[in-house]
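You will see two complexes here that share chain A, one where it goes with chain B and one where it goes with chain C.
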Partner chain A sequence: MLSKIVRTVANQLILFILIFGLYVIAHGHLTPGGGFQGGAVIVSGVVMLLVAFSSKELKKSLRERTLSIMESSGALIFIGLAFAGIGIVFFYNFLVGTPIFGRIPATGPGPGDIWTGGFIPLMNLAVGLKVAAGLSAVVLAMALFSSGEEIEE
Partner chain B sequence: MAALITHSPILIIAIPLLAAFLTLPIGMASKKARNALLIVSLAFVTFLVIILARDISINGIHIYTLGATSPELTLPGGAMVPIRIILEVDAMSIFMGIIWATVSLAAAIFSLSHMASETGQNRFYTLLLLMVTGGFGMMFTGDLFNLFVFLEIASISGAALIAFRTRFADAVEGGFKYIVISAVAGLIFLFGVGLLYAQYNSLNIGFLANAMQYSTLDIIALTLFLVALTIKTGMVPLHMWYPDSYTVAPANITAMLVITSHACMYAVFRICFSLYGITLDATTVGWIIVIIGLLTMFVGVTMAVFQTDVMRFMSYHAISQMGYMWMGVGVGLAVLGNPEALATYGRDAISGGIFHILNHAMYKPLLFMTAGALFHRTGTRDLNKMGGLGHNMKFTLILYIIGTLSIAGIPPLNGFASKFLIYESVYQFNPVLAVVAMLVSIITLASFTKAFQSAFTGPQLPEYKDVKEVPKPMLIGMGILAAGIIFTSIFPGLIVERIVNPATDALINQAAYVNGIMGGGMP
Partner chain C sequence: MRQVTGLIVLLVVIAFLVSGMLLFIHPFGYPPSDMDDYIIENAQEETGSNNVVTSVVFDYRGFDTLGEATILFAAVTGVLLLLRTVKRREESS
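Right, the complex of A and B next:
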């Protein structure tokens, strides 16, 4: 555990890191980035907390079981969205034309419309969930292992 | 049913993937439900593979374009380059698919009891199903980059599974070796893919085959592919990791690794025949493959003779057997430019090599599983410490005998059928090859007899007095493979005619493979 100054700053900063991570995930279909990158940004926040507080402290609020379930559900949402189009073809973008992310953007340069892309933004969210949960579990397990503790089964 | 057949290429890949991630939430609730999910999903996939195989034998190549408005739409709106990920399943792909489905089902059933005492089983089954996904993907994809991705999925989950029993230090070492070797091979492969992509702006195998110039860069790319896949298959100059990893993995995973090797071998054949095909300098590349096969056969078996660790002993035999397949297919490749020689013996050589993949994929996992059964009951892999186990493990003994006779190529069994096809055709190409192949077969029989004698025969040892037969799921898993061996032994002609020869023709007929992609431009 580091000094009180570091802990306080980390406590404030984590909010901004999470928001930035969510931003990168949510705008994956418009700007550089996407599910994996945004998820990795969120995990960088988790790593900061790991450094500022100790792995023991973090283990209390970040349960391995919860992370596992989050990771599995991220993958399941992704595959579920792919399966949802199987009426036509697997991975068929069935949301195009619907009110949810269904707008078709004009050709040429523009500011970017968030309500486009069909199921791509939803898939980005699923990947973001999986990467954030999975990588957090990895760094947490490594931190616990190096401090001589076992992660619970 | 028609819709099921249309969508079956992707369902075969996606169902194990879906089941892999359902394993964890379901496994937390109930163990029985998780095991049922594992078996039901793999059995359903096997069913899909069989109906797809039947459909391909009637209607030819099956194309599936992900995300398009119809599955056959490879060139939307009259485009010149195929966009989207395209799965292309021809007779060769589905031949490998049948092998992969059967062996993975057997391995999954076997693991129900073999892994029953381990911790973290939910993760084990997740990884196993991911490995199944990776293998099917490698066989069915028509896209080079996709092939790389699935290769990596199979490798990474395979490495984690090898190291699964972390209480053994050598298991961790074997897993580490496997991941390092796989990562290196994967990156070499990716570099080759990059070279082709830079030149032709596409990753689709059918499109690349159509545009192939066989320029210097293409030759470099081919070399990179061959090196990467030779490493992954475990052929002789680059086989050092192979026994180390195979020995320490749980026996069911070793069975999966054997067929992963075959999947990589499939990738070699696919690249040589379908991607390069007629542009290839067939004689040179064919001879290279033949020589690698010959070396592998001989070095593998001579290394196997003096092993005392039963799994290690069988790993070296697995290396040795793989040489037969490379030699058979290599001879066929060497005469690819010569239609007369191809018709007289080239096609038979390829058929022999491919048929041997099928046979090897049944008897080698069976033998590994019997070794796993011995380990399950005795807790040792050392042949010198075993003895007299035939008294207590009668079924395992019978299954071991079936596997041994098959690997040694004793006449009524299926190993003989494919080896004989190889001897006959290879002899016409170059007699020396056939002589070495027969010699290797004899040494194989001799060494397996030795292993049989030291494990099963002799008086009952006092320390193994209370050893029992292995539990039923393990026997069922081995039984599936033994049934496959017996079926192939009784009807070799039927198998060659209905499954093997179509696969050979699919490999030779590059135009049909290209046409599957480039002819699908209906808007």
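Right, the complex of A and C next:
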């Protein structure tokens, strides 16, 4: 556990890091970024908490079992969306033209619309959940292993 | 003797591969292939995504992204299997 200054600053900063990660994930079909990048941003926030507080403190609020379930559900949503359009072809973008995320933007540069992209925003959310939860579980497991802590189940 | 022969064969194969790589490699960015033009012109209409890179990653080449996600899943599973030290309850023995 680091000093009180570091802990206070980390407490204030984690909100902004999480919001930025969620922004990168949710706007993956409009601006540079996407599920993998936004998930990595969220994991960087988790690593900051892990450095500022000890892994013993973080273990109380971030359970590895929950992270595993979140990662698996993200992977299942991803594969389920890929299989949803199997009637035409694997990974068919079946949501283009429907009211849900189905608007089609004008060709060329433009400001963009959040309700575009077909199933790409949903895929971004699934991959972001998967990357954030999976890499958090990896970092937490490594920290707990190096500090000699044990997980209670 | 067998080792020397093997070494010579290995060197010949490596020289063949490297020379082929240097001689016949596609020039970087030239000429632009038909697929590039097709994706740049039609990605916004077909997928509705303004970010063409994301539309390639998740729609045109979605199968590769599935492989990427599988690799990540395997890595997380391996790390958790190796490094997790669960305190087990004493079983009645």
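General observations
What we mean here is this: the second predicted complex is superposed on the first by the 149 of 153 C-alpha atoms of A that agree within 3 Å, B and C clash if a C-alpha of one lies under 4 Å from a C-alpha of the other, contacts with A are read in each partner's own complex, and residues count from 1 in each chain.
Note that in this section a contact is a pair of C-beta atoms (placed from the backbone, for glycine too) under 8 Å apart; a residue touches a chain by one contact, two chains touch by 3 or more.
A quick note: this is a predicted structure, and the numbers were derived from the prediction, not measured.
A count of residues in chain A touched by chain B and by chain C gives the higher number to C. Of the two partner chains placed by the overlay, chain B and chain C both lie in contact with A:93. Of the two partner chains, chain C is the only one touched by A:142; chain B is not. Looking at the shared chain after the overlay, A:82 reaches both chain B and chain C. Looking at the shared chain after the overlay, A:69 reaches chain B, while chain C stays out of its contact range.
Shared contact residues of chain A with chain B and chain C: 68, 75, 79, 82, 90-91, 93, 153. For chain C in complex with chain A, the touching residues are 41, 44-51, 53-55, 57-59, 62-63, 65-66, 68-69, 72-73, 75-76, 79-80, 83-87. Put simply, chain A touches chain B in their complex at residues 65, 68-69, 72-73, 75-76, 79, 82-83, 85-86, 88-93, 153. Taken in their complex, chain B has these residues touching chain A: 7, 10-11, 14, 17-18, 20-22, 24-25, 28, 64-71, 119-120.
By the touch criterion stated above, chain A contacts chain C in their complex at residues 28-32, 34, 36, 64, 68, 71, 75, 78-79, 82, 90-91, 93, 96, 101-108, 110, 112-113, 116-120, 123-124, 127, 130-131, 134-135, 137-138, 141-142, 144-145, 149-153.
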